[in-house]
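Across the two complexes that follow, subunit A remains constant while its partner is subunit B and subsequently subunit C.
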Partner chain A sequence: MFNILHVAAHSIFIITLALLLSLLFNGLERKLIARMQARIGPPIIQPFLDIKKLFIKENIVPANSIKWLFNAMPLVALASALLLFLYMPFAGMPPLLQAHGDLILVLYLFIIPPLALAIGAFASASPYASIGAQREIVLMMSYEFVLSVVVIAFAWLLSFSHAGAYAFSFDTLTAYPIWNLVDGIGKLGVALLLVSALAVFPAKVAKLPADISEAKTEIAEGVLVEYSGRNLALLLMAQAVQALAFASLIVALFFPWNISAFLALPSIFALIADFIFFLVKTFAIMFASLILVSAATARLKVDQAARIYIYYVFLLALFGLAFIGLDRLLVM
Partner chain B sequence: MTLAILKTASGFWNPLAFVAFFIGVCIIIFILRAFGKKDFKPSKYKADVFFSGNIASEASRVKASDLFWGFFEAMKPYYNLITKIHTGIINDYALWYVIVASLLLTVLTLGVLQWA
Partner chain C sequence: MGLDALKRSLWVFHINTGSCNGCDIEIIAALTPRYDAERFGVKLVGSPRHADVLLVTGPVTRKMKERLIRAYEQMPEPKIVVVVGNCGSTGGVFYESYNLEGPIDKIIPVDIYVPGCPPRPEAIIHGLAKAWEKLEGMKKCKQQNL
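Now for the complex of A and B:
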């Protein structure tokens, strides 16, 4: 009984922290992009104010929509996005459900929020939302290739170097950082995998140059066009949470070190130091692949984005995998 | 709970834990959602869907055949090739079958010879 209560309290703490941090990072991102474009930008707490405002606005459901589906999908999107943090290392702590799910489960969980968004958009019966949903699905089909190559590369390498361990487990992935398992050309391969994962980031969270499913000026927010009030608030939270979750995944895969291991701090200070170090790493990932890119690029067309992910980014990831393979051959 | 964990050589997951936590998180969000305004005051046009200033008709929806347009457009060279190969003549399909089967057999034989 105590154990169940403890796990429940721990889960609530993690998802609350994840939600607050996501919105804070979202505010920071908007502020920095605005400053880079010589605008003042909104205050950092703007996402919190937006959510607060949306909760007091009317929740309009289109007359011809499939109402239960239209209302349920924002909830499913946010729930699955938040669930990610229970399966992944987060804030310098090991995952709560470490023994109950691995990287493959996390990848599947990452698919649910955009899919829920697309289903909700189709259920709205709006042409703009349908076009947005169609674009979302096309984009998803394109970048999932890349992510699968990245994951296969990790598992393949770990299955060689630590046979017998669960290659997809976050426990294994954090215990044996990939950079330590390769030399020379292998490190170049890992760097290429990192670049590919970073390239997927804007598409995964619908940010420029891959925000084609929303495309405010073309299809009037696309997938979000018919959403309002509390449903829209949930979807905005889901998008912010997904961005933090993907940054956390990149941190867990490529930069799993905690700073306390190097500083030999007492336990409470170690926890705080690891948390701050996690924030720094996550922010660095978001800055490199979201903020800088979004501030400097224009929106791609859907076929351009699909082409870039299917051919170029996929090829980059394949080269990464090939270099890691070559490194293994040289070692043998 | 431990019994419900499904394992392979390299991964594992627990469907029961997944469902339990998913429902738990859904309940939390449902409670959070309940703080928002539940409904809207109906008025003329408020719940209608518009397309370029007019009420959207059935005809203005995206057709299922256009669902993957961007993907097909990006993969055009591949689909052009595949379409060309699909001649509809049974002899051609049989020929492809023989070619692929012989390739697989060659790979398999080379693999067996190497291990032997």
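Now for the complex of A and C:
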């Protein structure tokens, strides 16, 4: 009984923290993009103001939509995005529910928010929304390939080097950072995997150059077109949370180190140091693959984006896999 | 949480009801680095469902009347209508033209008029500031049960 209460309290803490952090990162992102365009930009707390405002607005449900589906999907999107943090290493701590889920579960959970968004859009009966939803699905099918190659590469490598360990658990991934398992050409392979995972980032969270599903000037915000008020707030939060979640997945896969291991700090300071180090890592990932990229690019067409992911990024990931394989051959 | 939640976060939907495009360009100019309306939380959105402010330009041609009403009705409450430009406020250079249904306040309730042909971007931002003031006023009325 006590254990259940403890887990519940802990997960509420993690979820609140994740929500606050992701909105903060979202504000930081808007500010930095504005600075890069020589603007002053909104205050960093702008996402909080926007969400607060959306909650007092009227919540319109279109007359010929499927109402329960339309209303349920924003909740599903936000809940599954937040759930991710219970199964992933977050803020330098091991995942809370790691006995119950692994990397594969996390990958599945990542699919739910975009899917929920697409279903909600189809349910709204707006032609703009269904165009957006179709684009969302096309894009999803093209980048999921890449992610699966990345995950397979990790599991394959771990199953060779540490045959006893369970290759898909975050425990194993944290205990044996992938860069230490390979050398020379294998490191190049891992770097290619990292680049291809970063290339997926904008599409995953619908930011430029891959904000095709909600192209504002083209299909009137696409999947979001009919959402207003509370539902829109939930969806915007889900998107922000997803961005933080994907950044922390990349951190967990490629940069699982904790700074306290190097510094030998007393326990409470070690927690704080790890937390700050985690923030720095996730922010660096977001900066490199989201903020810089979306400030510098324009929107792609959906067929261009699909082609880029299916051909080029996928090929890049395959090369990464091949290099890692070559490295194993050389070692053996 | 009252209406003042809108204060630093006004999302704007822009609709052109047959203007000469002069005012529309000035609205875009208000978002450029020189004026940067986003620093006040003003954002141009692509769907009336997301908007707090309907920014209307143009004198309302016959074809646009229905669409204007529809866009207005699609916006969630609380909402504010800001007219940008002389031709939307009075007919301006198109006054008494044969194919007009406007000006805009004949068709939907207007809260703020920004005069000028076209008005400067500063004037448009000033109009949005007036919109906040109006919302503040609504809040006070509510508190005093007026």
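We adopt the following convention: the second predicted complex is superposed on the first by the 332 of 332 C-alpha atoms of A that agree within 3 Å, B and C clash if a C-alpha of one lies under 4 Å from a C-alpha of the other, contacts with A are read in each partner's own complex, and residues count from 1 in each chain.
Throughout what follows, a residue touches a chain if its C-beta (ideal position, glycine included) is under 8 Å from a C-beta of that chain, and two chains touch if they have at least 3 such contacts.
Remember, it's a predicted structure, so these values are computed and weren't measured experimentally.
**Q** If you stack the two complexes on chain A, which partner ends up touching A:Ser213: first (subunit B), second (subunit C), both, or neither?
**A** In the superposition, A:Ser213 contacts neither subunit B nor subunit C.
**Q** Once the shared chain is lined up, is A:Asn258 touching subunit B (first), subunit C (second), both, or neither of them?
**A** So A:Asn258 meets neither subunit B nor subunit C here.
**Q** Can A:Glu226 be said to touch subunit B (first), subunit C (second), both, or neither?
**A** Once the two structures are laid over each other on A, A:Glu226 reaches both partners.
**Q** Thinking of the overlay built on chain A, is A:Thr282 touched by subunit B (first), by subunit C (second), by both, or by neither?
**A** A:Thr282: touches no partner chain.
**Q** Which partner does A:Asn26 contact after superposing on A: first (subunit B), second (subunit C), both, neither?
**A** neither
**Q** Between subunit B and subunit C, which makes contact with more of the residues in subunit A?
**A** B
**Q** Go through the superposed model and pick first if A:Gln37 touches only subunit B, second if only subunit C, both, or neither.
**A** The answer is second: A:Gln37 touches subunit C but not subunit B.
**Q** Counting only touches as set out at the top, which of subunit B and subunit C does A:Lys57 meet: first, second, both, neither?
**A** In the superposition, A:Lys57 touches subunit B and subunit C alike.
**Q** Residues on subunit A in contact with subunit B in one complex and with subunit C in the other?
**A** The overlap between the subunit B and subunit C interfaces on subunit A comprises residues 55-60, 128, 226, 229.
**Q** Of all residues in subunit C, which touch subunit A in the complex?
**A** 1-3, 5-6, 8-9, 11, 33, 36, 38-41, 45-47, 49-50, 52, 74, 76-78
**Q** Quick one: which bits of subunit A touch subunit B in the complex? Just the residue numbers, please.
**A** Subunit A residues touching subunit B: 8, 11-12, 15, 54-65, 75-76, 78-80, 82-83, 86, 97, 99-105, 124-128, 130-131, 133-135, 137-139, 141-142, 155, 159, 166-169, 226, 229-230, 233-234, 301-307, 310-311.
**Q** Spell out the part of subunit B that touches subunit A in their complex, as residue ranges.
**A** So the residues of subunit B touching subunit A come out as 1, 5, 10-14, 17-18, 21-22, 24-26, 28-30, 33, 35-41, 46-49, 51, 56, 60-62, 66-71, 73-75.
**Q** Once bound in the complex, which stretches of subunit A touch subunit C?
**A** Going through subunit A, the ones touching subunit C are 30, 34, 37-43, 46, 49-50, 52-53, 55-60, 128, 216-217, 220-221, 224-229, 232.
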